[in-house]
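In this document, chain identifiers A, B, C, D, E and F correspond to the written order of the chains, with residue numbering beginning at 1 in each.
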Amino acid sequence: MEIRGAGKIAKAAALALKELALNYDKDDINVLKDELRKASETLLSTRPTAISLENAINCVLRDIEASLRIEDLRENIARNADIFIENADKALDTIGEIGARRIKDGDVILTHCNSSAALAVILHAHSDGKKINVYATESRPKKQGYITVRKLADEGISVTLIVDSAVRYIMQEIDIVIVGADTIASNGAVINKIGTSQIALCAHEARVPVMICAETYKFSKETMTGELVKIEERDEHEVVDPAEFPGVKIFNPVFDATPAEYIDVIVTERGVISPYAAYEIIKEMEG
Amino acid sequence: MEIRGAGKIAKAAALALKELALNYDKDDINVLKDELRKASETLLSTRPTAISLENAINCVLRDIEASLRIEDLRENIARNADIFIENADKALDTIGEIGARRIKDGDVILTHCNSSAALAVILHAHSDGKKINVYATESRPKKQGYITVRKLADEGISVTLIVDSAVRYIMQEIDIVIVGADTIASNGAVINKIGTSQIALCAHEARVPVMICAETYKFSKETMTGELVKIEERDEHEVVDPAEFPGVKIFNPVFDATPAEYIDVIVTERGVISPYAAYEIIKEMEG
Amino acid sequence: MEIRGAGKIAKAAALALKELALNYDKDDINVLKDELRKASETLLSTRPTAISLENAINCVLRDIEASLRIEDLRENIARNADIFIENADKALDTIGEIGARRIKDGDVILTHCNSSAALAVILHAHSDGKKINVYATESRPKKQGYITVRKLADEGISVTLIVDSAVRYIMQEIDIVIVGADTIASNGAVINKIGTSQIALCAHEARVPVMICAETYKFSKETMTGELVKIEERDEHEVVDPAEFPGVKIFNPVFDATPAEYIDVIVTERGVISPYAAYEIIKEMEG
Amino acid sequence: MEIRGAGKIAKAAALALKELALNYDKDDINVLKDELRKASETLLSTRPTAISLENAINCVLRDIEASLRIEDLRENIARNADIFIENADKALDTIGEIGARRIKDGDVILTHCNSSAALAVILHAHSDGKKINVYATESRPKKQGYITVRKLADEGISVTLIVDSAVRYIMQEIDIVIVGADTIASNGAVINKIGTSQIALCAHEARVPVMICAETYKFSKETMTGELVKIEERDEHEVVDPAEFPGVKIFNPVFDATPAEYIDVIVTERGVISPYAAYEIIKEMEG
Amino acid sequence: MEIRGAGKIAKAAALALKELALNYDKDDINVLKDELRKASETLLSTRPTAISLENAINCVLRDIEASLRIEDLRENIARNADIFIENADKALDTIGEIGARRIKDGDVILTHCNSSAALAVILHAHSDGKKINVYATESRPKKQGYITVRKLADEGISVTLIVDSAVRYIMQEIDIVIVGADTIASNGAVINKIGTSQIALCAHEARVPVMICAETYKFSKETMTGELVKIEERDEHEVVDPAEFPGVKIFNPVFDATPAEYIDVIVTERGVISPYAAYEIIKEMEG
Amino acid sequence: MEIRGAGKIAKAAALALKELALNYDKDDINVLKDELRKASETLLSTRPTAISLENAINCVLRDIEASLRIEDLRENIARNADIFIENADKALDTIGEIGARRIKDGDVILTHCNSSAALAVILHAHSDGKKINVYATESRPKKQGYITVRKLADEGISVTLIVDSAVRYIMQEIDIVIVGADTIASNGAVINKIGTSQIALCAHEARVPVMICAETYKFSKETMTGELVKIEERDEHEVVDPAEFPGVKIFNPVFDATPAEYIDVIVTERGVISPYAAYEIIKEMEG
């Protein structure tokens, strides 16, 4: 799966399930249910740590048991997928709008990787007419920072690319760090792209606030029951070609965990919260 | 200049001046003196921040004024160059021997970039029969970490390559951080390859000791008189091809400064010191 | 407006609106509504950052639309103003009672500026028979500390005046810091009189707990939606007469923001909470 | 009372009241009510700081007023006691199950004193087949650590006893600190066996996470209203025989308070929370 | 004595002793010696904590015993006083020159009180053509900040006056803190105008470097032998008129101690050092 | 060897060698030399980590080679032993005198274990008429704190015994921590009785200064060449009888290392220094 970002993956999964349902042209409801369940398992196995993917699938499939007729099932799946995607898009807009209010004219921003929610905030601040400057890290190994800098430059925002090692060097220039999240745990820890936690540490050392931008479907109910967010390790080829490094191990963790104490605010579509309010958000989502 | 590492550059400069003197086949001592001085300036301009380069040149040229005959000049230059190189090599050996005593059997080591002095310590510990595991960062943009991991693997040392962003993630596994230095200031700050200071910060956060390995000719007398160590910015092509990133600035600082408070010891050929003893080392070097 | 303290201002505004309504002797309900709205805007413009002022006005005016007859409008305004003031006064009493339980006999207290809620706690502890000693800062530029020390001395409490710069010097003598709040943000940050944040930093450095005393109407719902609490800058004459300092700029910010990590507890009329529970308080206030 | 641990004491008190009710063989309901109330006071006086004891008694006696007949009273007391004990036991099981999910195979654990909830987590992780190593402190003065190490060794868990002073020395070996709680305050501070707070400090210094294991009946509603958790001082004979130390004072505090900032998670039977969610737990318990 | 600053006081004392000697128009050498000694004691008693005053007097009087004739005594006193003053002035110039090298074009500087050495650095940077902006604190109670801002404005430097409480608020704007010193202890602690230590704490919190500017005669040999630098308390009238504050104590400490860990460098006329090199400076001064 | 404290052991060793020499009643100088060398090795093997023991032996045996006649050898050994012991005693006196100057009237002191040098400071302050209160830890496993509290009580000093776990609890009462040292490394780290480092950490957390009292013969030249101070592990019977704890491992490290950053001053007989001046002290001792 070459789609980047936990939010984009969740929406793509919702869409895939919708299409599977709509394209199903036979009449056996149980077969379709089975196929939907299998597809869900396959989707989950591609990114076992993404709580947003699981939340998306649960949302799309929530009426599967209650659907008794094949047309109903198709319709429910399609509608739920549309709702998930629409809500996710609205959440992004709202996060952009709320987060942008915390950006001041002239602010110098540091971002990492390529987060839709973080970009929503930066772009909104820019379209509000605030003059901002952005530093973006390369984000090895996959270099998603390249996408970020191109997007920001296209929008006419002043943007500077740095290597991941230069974060502490430029931190004294930074007014605010803005990044996304893959998963948020019940104690407020934020799991995000590898490198986020050392950026947050450098920011905390220099008293620079860290804003996490995250839709509420990234808050993990599972962490309430003790599940640790497993940090995925990806193929070593993402780093180098192992054949060129005989005898050398390559370790390629994709995420790391930033402790809540290094985070100033999490901007969600429900508002600006402390990371320590994660327990409340999870309870609210449970209804 | 494609030579890596402040020590290697200093020795290469000494050798270059020696060869210039020995290859000079005319009789005009003043012309040779001029050429030596010009060559020194050229060498210095390639790496304006490298105090070790300046120390090497000063050492090689120290008898230039007192040399009255062309043979004496050639001989003095050659002898001083040999002395500098020999002392530099001996310093590396001694640092390796001293530093290795602080490595314990079973230690997991993190290193950054490609430092001769840091490698001397690691290799010495290995040849002492200590079972060690080394993590080495890629060290973007020039990826000198590749040289490090190949060298260590060739020597039969267990070594793992990580991207620069994974430092904090693996810090809890690390027993000691071992890196080199480009320059050491009179207040104990260590200027080294970009990324060193955030590695040291991550180590300090997790109570992991940081060992700096540095020959005493890397201690900067100039910082005593207030000179700031200028952080060189290199060509943006080292990071990416700017043509592929229209409208995007690229910022490529080569070094950063690690404050003394994040450093446990500096291992020099004169012994193991606190970074705060930099003033003493500078005074001892002045005689 | 020469009234000090966010709580006093809020109550004064409620009273002003009540009097405006009661003194209105004509029959045109729309004119009165307009006058009430204009007066509210004028009041708000005097202290744009005071969330308590806004909360007070909202409370007093909440039935303005539903009031169809001029007598009803007058009555509603007057009743709501009375309710606001009564609740605010009760909140102060409750805060005094609750907060005082956390004061131990013999405690040495540091306070800053002139906060009704902080004084309520100190005075309640004193009236409980606890022997306490209070240090109070001068609180430049307006020197509200003078009012504080006079009030405490009048009540027979041992009190010592210090300049604002002496805070860290005397911190080792202090058992607890007790101050008020102007506004509390949704992430637990406390906006209060300039100097509060460096007092809290000094306390945190010395492991001295910081108690913030704040009625719940000081918690800012606006910060949920991303609004930054604008730090008011006041007239430079409060600091010096600019005419005596030609060519010198004078910068006079009235508040600063203390991060939640430096705060032990916030004492509200609903109980003792962590600053990180600000989100819950705001939700409870919304009902 | 020679029973260790806040949870065990609470359950023993419930059982004692149940037995008192069942063994009462006269007919005067008022006498029994009086005896139950007196017994409760006596129980509370043995451990004035234990919120769990108070919570247990309140639970057992909650129907005392509503019970009009002697048989009803006996039955209500017995049933409520059974319910309390059953819920407390279930809570322990759930905590064990949830907490164990956060233990990784190969983890080295540090524990202090003898906490049923902390042991539930450790034993559950062991029975899940995870290979763990435990360090346990002696826990002077009463040396409850002896019970802990014997229990763990009996279960076949690799366990090492250390003196209380060796905590910081071995912290670099530790992956997670797991301890219980006596009381949890509304701001997230955890009151537990003397020494807990310096263990948590040492853990925080080395970035080692601290897990507090606590049933929700240990959260103190009283701290909401400003009550400070009084730290009990016990008989100096627990430390030494004072007769052997003429002229020497002996100070024997039983608990200390660990600030929330040094705690990673609290594992309760309701799930894994940040200590800063204490306010929510207290509100949920109030219903 | 209305002279400000430890350096100015030292020079004034040297001058006073010189004038006493030159104005003595009788012939009795022992009377002059007695008068010189008495004058010295009087001078010392005005500022018992000022090590620079003592160093100045010791320097001026160092030949008093060896002077056998009245003319010699007069001449020795005058010459030694001139030497002290000349060296002190040279030291200021050198500190200005060295320190200014550490100021970068565009730097925003924070200073406190009115230090000749700190001003020497700032003025030198300005005359080097560097564009700088200076924030200066009021420095209650004596408001020496007024002298500082007037001096800097007169020199055409952009300068802004703030109250002492606004330091943390503006710290994020600051590139470097530059202050003087009254006394430097053998462990590197810096005693300076009240408020310095909380400025240094705020700077450390935000990773802003602190530069102390101090002539070496401010390093205290006495602290080597355990003497604590007594913090002088001055007349409460400096703060307020006590008559207007019946029952209120006023505490007016003049200095505080900044621990070495919050100081980046001390700039002396011997060069830029870490505060931890204070022991070396004291030994060098002893010869 | 049942003698406590690095200084006492060093002096006992000097005495033992002296007695061996004086009691030797044969004429063969080579036999005596052999016996002295064997005795030295035996002494060293009892406490392999004690640099002071090694320094004492080196001092006593320094003329062994140069002694050609049996009487000279005996005399030299005896004289050198006397000199070592006399100097060690003088150092203790000087440390007591210097250190006591840093104690203020009314100070509350915390000490750990049983250090002659720390006691010298405390007793000197007491005999200077300063009213002090001392807290002393039990110091498990050997409970040397019992000796400390008895000694202090005998001298009429107010002293309170606590368990080792109560250190952080009482830290807010403490004005200064005073402990001894076993060995001081070249980077300023202090090796001392297990528990010292967590006491220093607790002190640093609460801004309480830590004074290390150490004769200069405790500074380790070996650490200059990279030697790590090996932390001795002693017999598990010191902790408990292993037979009573089947299946339980017992780990009994005797010392730990306190990093220099947690230490305010080291008081030596040469004066009050920063721990970072350790390199200078070692160089001065080498001459």
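Rule of thumb we're sticking to: a contact is a pair of C-beta atoms (placed from the backbone, for glycine too) under 8 Å apart; a residue touches a chain by one contact, two chains touch by 3 or more.
Quick caveat: nothing in here was measured; it's all calculated off a predicted structure.
**Q** What's the overlap between the neighbours of chain A and those of chain E?
**A** B, C
**Q** Would you indicate which option in A-E, A-B or A-C repeats the interface seen between A-D, with over half of the contact pairs matching by residue number?
**A** Over half of the A-D contact pairs recur in A-C.
**Q** Report the inter-chain centroid distance for chain D and chain E in whole angstrom, where each centroid is the mean of the CA atoms.
**A** Centre separation, chain D to chain E: 57 Å.
**Q** Using mean CA coordinates as chain centres, what's the chain E-chain F distance in Å?
**A** Measuring from centre to centre gives 39 Å for this pair.
**Q** Please list all residues of chain B that touch 2 or more other chains.
**A** As it turns out, chain B has residues touching two or more other chains at 205, 261, 274, 276, 280.
**Q** All pairs of touching chains?
**A** Touch list across chains, by label: A-B, A-C, A-D, A-E, B-D, B-E, B-F, C-D, C-E, C-F, D-F, E-F.
**Q** Going by the contact rule set out above, which residues of chain B touch chain D in the complex?
**A** For this pair, the touching residues of chain B are 171-172, 175, 205-207.
**Q** Per the contact definition, I'd like the list of chain A residues that touch chain C in the complex.
**A** Residues of chain A touching chain C: 97-102, 104, 261, 264-265, 267, 271-274, 276-277, 280.
**Q** Show which residues of chain C lie in contact with chain A when the two form their complex.
**A** Residues of chain C touching chain A: 185-188, 223-228, 259-261, 274, 276, 278-280, 283.
**Q** With touch defined as at the start, can you tell me which chain D residues reach chain F in the complex?
**A** Chain D reaches chain F through residues 135, 137-141, 146, 149-150, 152-154, 158-170, 193-195, 197-198, 201-202, 205, 231, 239-240, 245-253, 256.
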